[in-house]
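In what comes next, chain A is part of two complexes: it sits with chain B in the first one and with chain C in the second one.
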Partner chain A sequence: MKLLTTNFVQCAVKSCNGSEKSYPLKYEDCQLQLEEQEFKPAFIIAMLQRINWQALVKVAADLGNNNLPAEKPADVENNEALLKELHTLLIETQITEGKMVCENCGHIYYIKDSIPDFLLPPHLAN
Partner chain B sequence: MLPTPDIKITDPEKVYDPAEDSFLLLDLFEELRDYFKRKEFGHKTPLVVEIGTGSGIVSTFINEYVLPNGYFIATDINPYSCASALQTNKANTTSFNLDAVRCDLLSAIQDHLIDVLVFNPPYVPTESIPSMPTTKNEEYKWMDIALNGGPTGMDITNKVLDSLNRKLSVNGEAYILFCARNKPKQVAANFQSNHDNFKVEQVIFRKAGWEELSIYRFLKVGGTKSTPSA
Partner chain C sequence: MKKYLLYLAQSHPNFRKAELESLADLYGIKVDLSNHNENSPFMIVQLENDEQAKKLVKRAVLAKAIYELWGHGDDLEKMHEDVKRNKDKLVGRFKKSRFKFVILQYQGKKKTRKQQTKIMDSFQYLGLEGKIDLENPEEKFTVLETYTIQKSNLEPRPEPDHCWFGRLVQLSVRSDGIVDKYEIAKRPYYGTTTFESELSLVTCNLAQVRDGAFIYDPFVGTGSFLLASAYFGGYTFGSDIDFLTLKGGRPGKKNIKNLEDDFEYYGTHDKFGDVICMDFTNCALRKDMKIDTIVCDPPYGIREGVKVCGTTNMASAELTKTTLIEGQHAFLRKDYVQPKKSVSLDFMLDDLLQFAADRLPVGGRLCFWMPAANDADIPTLIPQHQRLELIHTLVQQFNKWSRRLLVYVKRDEHYNGKTVTREERAHKNNFRERYFSQFS
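On to the complex of A and B.
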């Protein structure tokens, strides 16, 4: 699971939808792997316009990276060092194993072999 | 004609092998290449989500040839399909902008984000929908889950249609495949009459053996009116 994907997923429990506490999920006990990929600055610049920066900062901190500025940097186009760092973080960083915890309902989801599993047990299924 | 991705299915007994319906989606997206070059999403990196990705062939094709700047999330309820989708993508693309997520339909995807949704549903009319396998002996059921759609073949598709307005981005669009027995014209007309912020149209049709397959585009065009449940 790429770190970028954590920006787009949420707790699958219906009553958590829209709850501020349920997004982003809290990432615990994660194993990370770097998967080298071609650096495409234009993709990162465009992606930055659409991602939730606060959620990214929080998940990065869960994974041990506290280097990101609290606010989305404005002049990222000309900051190649930051673009490269974001490329590594968003696209190359794979969470291969770990837990995703919803801070609203407490449900724990697991990531195994790089695949996050959001299937709910029958009593929680919508 | 663009090359068909070389699929990498981890467990052939448990993952849907691409067939006429999959190839109809590939042909449609090949035709839509110019349409997507012109289409303006709210940003330059559209989020593409495929529900029930199976082998991953459709997402991989779109990733490589149609929306190379997109970011792809391929969902499936079947863990073997999720693994296959990752492998198919790795074997066929240079961009690796795809992730596989195991979930029920769109349950784990944030609202209002999806720019392009693709769904080749379990559309075959069957008495009932199979339950999920709970033991190794029941794993043959994954194939039934990929195919069986309940009495009119619409049980699963209807769930997705009900969430479409909420899940799609402002000018997002969904491509959903139907067989004739799903009565797609009627389904499209019903959806249209409940959502005047959508434009619904058939975009491709094909007779494939005894099946008549069609794909409809559900395009969000702004406006606010929708059903209360949506």
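On to the complex of A and C.
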């Protein structure tokens, strides 16, 4: 699971939909792996339009990275150092094992073999 | 406007026009395709210039090539007469180009060297002054002939029905071997229900997958649509309820392979976003996440049943809430396996359409495949949503059943289309049941 993907997912429980606490999930006990990929600044710039910055900062902090500015810098397109950092963070950082916890309902999801598992037990699925 | 000759593939001919329309729309090309004939691979179109011709055909999977048309007629003689009428305004730019001649027959017998030379020599009047270059020509002047197969002996008739002469403008990805390259058996990872190469590529053209677009397949499985999307430049993302398919590996195989290996194999690894394990009816994607295009083949229960999380056993569901293992809720443990229950395909389809209506940008496309029994009352079975315009229903016919590629375009709030929900479709198409009772 790429760190990028953490920006797209929230708690799958229907009653959590709309709760601010169900996104982003809280990442705990994560094992990280760096997978080198070619740096393509144009791709990162385009992807930033899809990124919720606040959620990214929060998840990065969960994983031990406190370097990101709290607000998305206005001139990020021209900030090569930041784009490189984002490339490493979003694209190259893999979470291979770990927990994703919903801070609204408390449900725990697991990342296993690099794949996040959002399947629900019967009493939470409908 | 200039005349161009399209040479199409005689494969899934009922999908060809839709594919070309979709590509024309994608590149903003106005072209009249109304004289398309499913029985003929040849078609003359009017386009403004070579640039448009290139864009129209380059990524077409069901087209072979496009030629600037210099002349045509019912036999070679009539064709030459036509070329002679047009040549003065066409030859100029190419008078000095290195060139070669190509002679193609549709359903005809391959010509001998002598016959070919005779045809080439008959073009002396063009006055081409460039060198003949068989290896690396700048221009390929091409004669195309079409023949009818005689019913009596299944041999082509001795004389062609029609002949065209033109200058090659663009070969398609099909002519570059894309269908073969993406053949399932060549991939490091695939499964028993992997969607075939040719139609998965066609699906992505109908979906207008474009460079840099965000593509999502909610029933990704072994990933044919994402691989095809990545080939066309899309950034791909998938989900599936079956964890083991996403994790990869095959029983008895030592090396664990998965979808990511296929991307690696095709050199599109940078287009692989991620795959997540998820029950589409309990969706974990945040609501304001933008998706440009959705392509999929929902599970429909011949080989893979339609499954969602849950159980029909209420007592066991109750028990799940309270079962503890080592002081922890069993359902919160890493090794907990979520039970799944079967549902009808219809159950999924309304969710899929609503999802697309919520997430796609105006003009964005949803393409998916839907099976039906041949005796079923099809129009009433196709799901519809008021924000999604159904622009194509393309049928692939099998022996006792058929599947349809449905192509929808998201429209804005002024569009008020038809709605057909599962209540209205209920009991009309129990596909799995009918499949196993052989549609009797």
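Before moving on, here are some points about what is shown:
Criterion: the second predicted complex is superposed on the first by the 126 of 126 C-alpha atoms of A that agree within 3 Å, B and C clash if a C-alpha of one lies under 4 Å from a C-alpha of the other, contacts with A are read in each partner's own complex, and residues count from 1 in each chain.
FYI, a contact is a pair of C-beta atoms (placed from the backbone, for glycine too) under 8 Å apart; a residue touches a chain by one contact, two chains touch by 3 or more.
Please read all numbers here as calculations on a predicted model, not as lab measurements.
In the superposed model, A:76 lies in contact with neither chain B nor chain C. When both complexes are overlaid on chain A, the residue A:37 reaches chain B and chain C alike.
In the superposed model, A:105 lies in contact with neither chain B nor chain C. Judged by the touch definition given at the top, the superposed model places A:113 against both chain B and chain C. Of the two partner chains placed by the overlay, neither chain B nor chain C lies in contact with A:63. When the two complexes are overlaid on their common chain A, residue A:17 makes contact with chain B and with chain C alike.
Counting contacts by the rule stated earlier, residues 1-2, 4-5, 8-12, 14, 17-18, 23, 37-38, 40, 43, 46-47, 49-50, 113, 115-120, 125-126 of chain A appear in both its interface with chain B and its interface with chain C.
Against chain A, in their complex, chain C makes its touches with residues 212, 214, 235, 237, 241, 243, 246-247, 269-270, 273-279, 281-290, 308-311, 316-318, 320-321, 331-332, 334, 336, 338-339.
Interface residues of chain B, counted against chain A in their complex, comprise 42-45, 47, 69, 71, 73, 77, 79, 82-83, 86, 94-97, 99-104, 107-111, 113. Those residues of chain A that touch chain C in the shared complex are 1-2, 4-5, 8-14, 17-18, 23, 37-38, 40, 43, 46-47, 49-50, 52, 107-108, 110, 112-113, 115-126. Only residues 1-2, 4-5, 8-12, 14, 17-18, 23, 35, 37-38, 40, 42-43, 46-47, 49-50, 91, 113-120, 125-126 of chain A touch chain B when the two sit together in their complex.
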